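Each of the next two complexes has chain A plus one more chain, namely chain B in the first and chain C in the second.
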Partner chain A sequence: MTQTWHVTYEIFRKKGDQPSHFDRFEMEVDPDEYVLDGIERIWAFHDRSLVFSHACHHSTCGACGMLVNGVEKLTCITSIRSVTKDGGVIRVQPMRNFPVISDLSVDMTDFYQRMESVGHQPVVTIGYEDSKGKFNTEDDLLRLSDCIECGLCISACPIAMTTPAYLGPAVLAGAQQSGDLNPCVLELVDSENGAWRCHSAYECTEVCPSNVDPAWRIMDLRKKLVSRRIKKFFGIK
Partner chain B sequence: MDKPQAIVIGAGFTGVAVAYDLAQRGLKVNVLERGPLVNGTSGRTHGLLHSGARYAVDDQESAIECIDENLILRKIIPQVIEPNGGLFVALNESDMAYREAFIQGCEDCHISIEELTPRQTLALEPNLNPKLITAFKVPDGTFDPLRLAMGFAASANAYGAEFHLFCELQDFILDGMGNVKGVQYLDRSSNQIKEIHADIVINAAGVWAGEVAGLAGNIDLPIKPTPGVMVAYDQRLCQRVINRLNEPGDGDIIVPQRQMITVGTTSFEADNLDYIPVFDDQVQLMFERGCELIPAIRYTKERGAFMASRPLLDSGTKGRSLTRTFKCIDHKESDNVDGLVTITGGKATTMRLMAEKTADLVCQKLGMHVSCQTAEIPILSYRKFHLAQNREVA
Partner chain C sequence: MAEHPQKPANLIKWFDPRNKSLGSWAFILNRITGLGLTLYLFLHLIMLGQLARGPEAYDGFIALVKHPIFLAGELLVVAAAFIHGLNGIRIGITSFGIAASKQKQIFIGLMTVATIAIIYFAIRMFTH
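Let's turn to the complex of A and B:
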């Protein structure tokens, strides 16, 4: 039997040059609904000016990342039950460390460009191993890769908060995943704003909805960079 | 000479593909979308790149469009596609009764199929119901909905098309004769009303196309919004698309994507298209029907349930029997309103073809003699998509 909860959505609002504020919406919800369902209902029935990003509603596209009660969440698969209680509050803000377009939507253009520059592979072989960083070349079947470029890891990263120049977890993990450390990629990742800037807070891995484990990948990328330098020092190809 | 100006309403699959085709043929294109890219029906697809086999018996026109376009999309945008094929699986006598018609239908529609023994099938897909009687291999695939649209939009960008997201159409600008000359819209990110003029406006609003066309006059479109539910499960239990070998029905398709699978779908009629609730009984039905094909779904965590509304063409029949093909309407011909063209219906798989036919009509209306090239040119990386330059980022 479905339950009904009474919750209050507190939504971050920002239009053009006007100062930002929060709007409150009292809602009757099913606790097993997703946070995004409530936001979509607010748009459909209460406030048509609300700006928010979403597309697939089943965690394959990565469009609906937001801050929910202070924590990075992919709102299409985050149940209301998991973030509040009956009579409670759901405070929704745009992701951190991205320019805000309006309300809950952020501009991901630069982030996508960085993913492109490091050569992250959008399609990999079925046997691609998440946590070991190896390709199983025997299988010729393909699948879309695990990273859905939602940006949650960059929003959660304490270092990304200090400077927009830092490439950020998804991008460094993307370089590690692609495995192709050509001179252009090396210049980006083997640098002050690349792999060496990470302070191993592991917040990225904590919030990743796709088990990409960006923090582990950054550590693995460092290992590869060091081994390259050592080999270069001894003149080994 | 200045380029002819076109405005596309809607940035779903149809809108982005039309924008790309028109920009490629030399028009200056502005796309208006009230939300982000593919926020409506297009985004919420299970992502099945149809081989056409699903429709090979009942809707052969659509089936042929699907197989032709399936092969083109694999070629021009492999970056968003899992090209692993699919299986049509028979579990009982009723399924077997469909077998002959299925073989004939696929042959009629030149869809290449191969029948497998249960042993061969289970070697390919070990999680399938071991009681299966027969199975056919078909050239299905899977695509990422957002990235499919972003790819077409990025290619449109490269030819100068501009995407105005979060911009909702308020009204058409009409001349004294009732012909469409431009649009007035609300930019939701700045709360400002703005205008753009154009030589032609293309209504690609999908299930909302009727509402959009209604703003231009007393226009009646033959669209029957037909929502369906889909449920995603948290493990990749199959590598290929799994279809039930039978008439199209509820919960008869399982689509793998990334590390999950999605079971779909149902078919009913809805009134309010802006918010369609996910009904628990339909989620339960997807679970039960999914378990018939892949019993292990019973032990797999649900990851998400969602609803999307197909813009099916109304031919006087109901739900499942509505055609999956599309229609391009010149409102000068049908309603004596010049400057407005509507494209609706169709499948995600046929988006490029829908755009080609629409752009053909637009070019003919504007007296341009340029042919379509979108079937040959590879689509740019989806990561090259960008918003309109005049957007102010707060």
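Let's turn to the complex of A and C:
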């Protein structure tokens, strides 16, 4: 049987140079609906000027990343039940560490450029390596990369908060996953604002909705960089 | 790519533990203890400067630091040293890809060791 909860959405609003504020919307919801469903309903029935990003509704496009009650969430797969209770509040804010375009929508252009510059592959072979080990296969099948480029890891990263020049977890994980540490990529990742800037808070892995485990990938990338340096020092190819 | 000005004003947000995971708590703890130990180093050097004022001044100072308030301060230094040192081992290991996926368990284990050590030193300091 369908339940009905009464919840209050507190939505971050910002237009242009105007100061930001929160708008409150009282809603009757099914607790098993997703946070994004409520935001869409606010846009459809309460305020058509609300700006937010979304597309696929099944955690593939990575467009609907937001801050829900202070935690980075992909709102299309975050149930209302998991973030509040009947009579509770759902405070929705745009992701941190990205420039806000309007309301809940952020500008991710620079992030996408960085992903491209480190050679992140959106499609990878089915044989892959993650924190649980290496999976080899002789099949030349392809699959979508785990990283959906949602940016939640960068939003959660304390270092990205103070140093926007830091490449960030997703970008470094992309470099690790591509495996192609050519001189251009090395210049980016083996640098002050690359893999060595991470301060091991592991928030990226905590909020990643797609099992990328960026923290592990950054540490693995460091291991590869150190190994390269040692080999270079001893003249080993 | 675009220019990225630093945002030092956001540094204070590093110390906000709300809605953060265990990794962030370890991150915050390491910074607080690191800053505390650095401050102590300066205080320690100032205290050692008392030696230059002669044995009487030094003995008077030593008598002062046996007060329980100073002992509590010293215990904080011991606690910071254990927490920072042991957490540093965790960061050192995991930072190069070793057991990175077990960082939470390592943190809990090492902080348990730190807690036992701090309790041991507290008993020793306040009962002798």
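Following the convention adopted for this analysis, the second predicted complex is superposed on the first by the 231 of 237 C-alpha atoms of A that agree within 3 Å, B and C clash if a C-alpha of one lies under 4 Å from a C-alpha of the other, contacts with A are read in each partner's own complex, and residues count from 1 in each chain.
In this text, contacts are C-beta pairs under 8 Å (C-beta built on N, C-alpha and C of every residue); 3 or more make two chains touch, one makes a residue touch a chain.
Everything numeric here is computed off the predicted structure, so don't read it as measured data.
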{"item": "Touching partner for A:D220 - first (chain B), second (chain C), both, neither", "value": "second"}
{"item": "Touching partner for A:P164 - first (chain B), second (chain C), both, neither", "value": "second"}
{"item": "First (chain B), second (chain C), both or neither touched by A:Q113", "value": "both"}
{"item": "First (chain B), second (chain C), both or neither touched by A:A55", "value": "first"}
{"item": "Chain B versus chain C as contact partner of A:V71, first or second or both or neither", "value": "second"}
{"item": "Contacts of A:A201 with chain B and chain C, given as first, second, both or neither", "value": "second"}
{"item": "Partner chain(s) touched by A:R81 [first = chain B, second = chain C, both, neither]", "value": "neither"}
{"item": "Partner touching more residues of chain A, whether chain B or chain C", "value": "B"}
{"item": "Contacts of A:R143 with chain B and chain C, given as first, second, both or neither", "value": "first"}
{"item": "Chain B and chain C contact sites that coincide on chain A, given as residue numbers", "value": "113"}
{"item": "Sites on chain B touched by chain A in the complex", "value": "35-39, 42-45, 47, 78-84, 142, 144-147, 165-166, 168, 186, 188-192, 230, 232, 236, 239, 256-260, 262, 272, 274-275, 278, 280, 303-306, 381-387, 391-394"}
{"item": "Complex contact set, residues of chain A against chain C", "value": "69-71, 110, 113-114, 117, 131-132, 158, 161-165, 198-203, 205-206, 213, 215-216, 219-220, 222-223, 226"}
{"item": "Touch list for chain C against partner chain A, complex", "value": "1-2, 4-8, 10-11, 13-14, 18-24, 26-27, 91, 94-97, 100-101, 103-104"}
{"item": "Complex contact set, residues of chain A against chain B", "value": "2, 14-17, 33-34, 37, 40-41, 43-45, 48-63, 76-77, 99-103, 105, 107, 109, 112-113, 115-116, 122-123, 126, 141-146, 148, 210-211"}
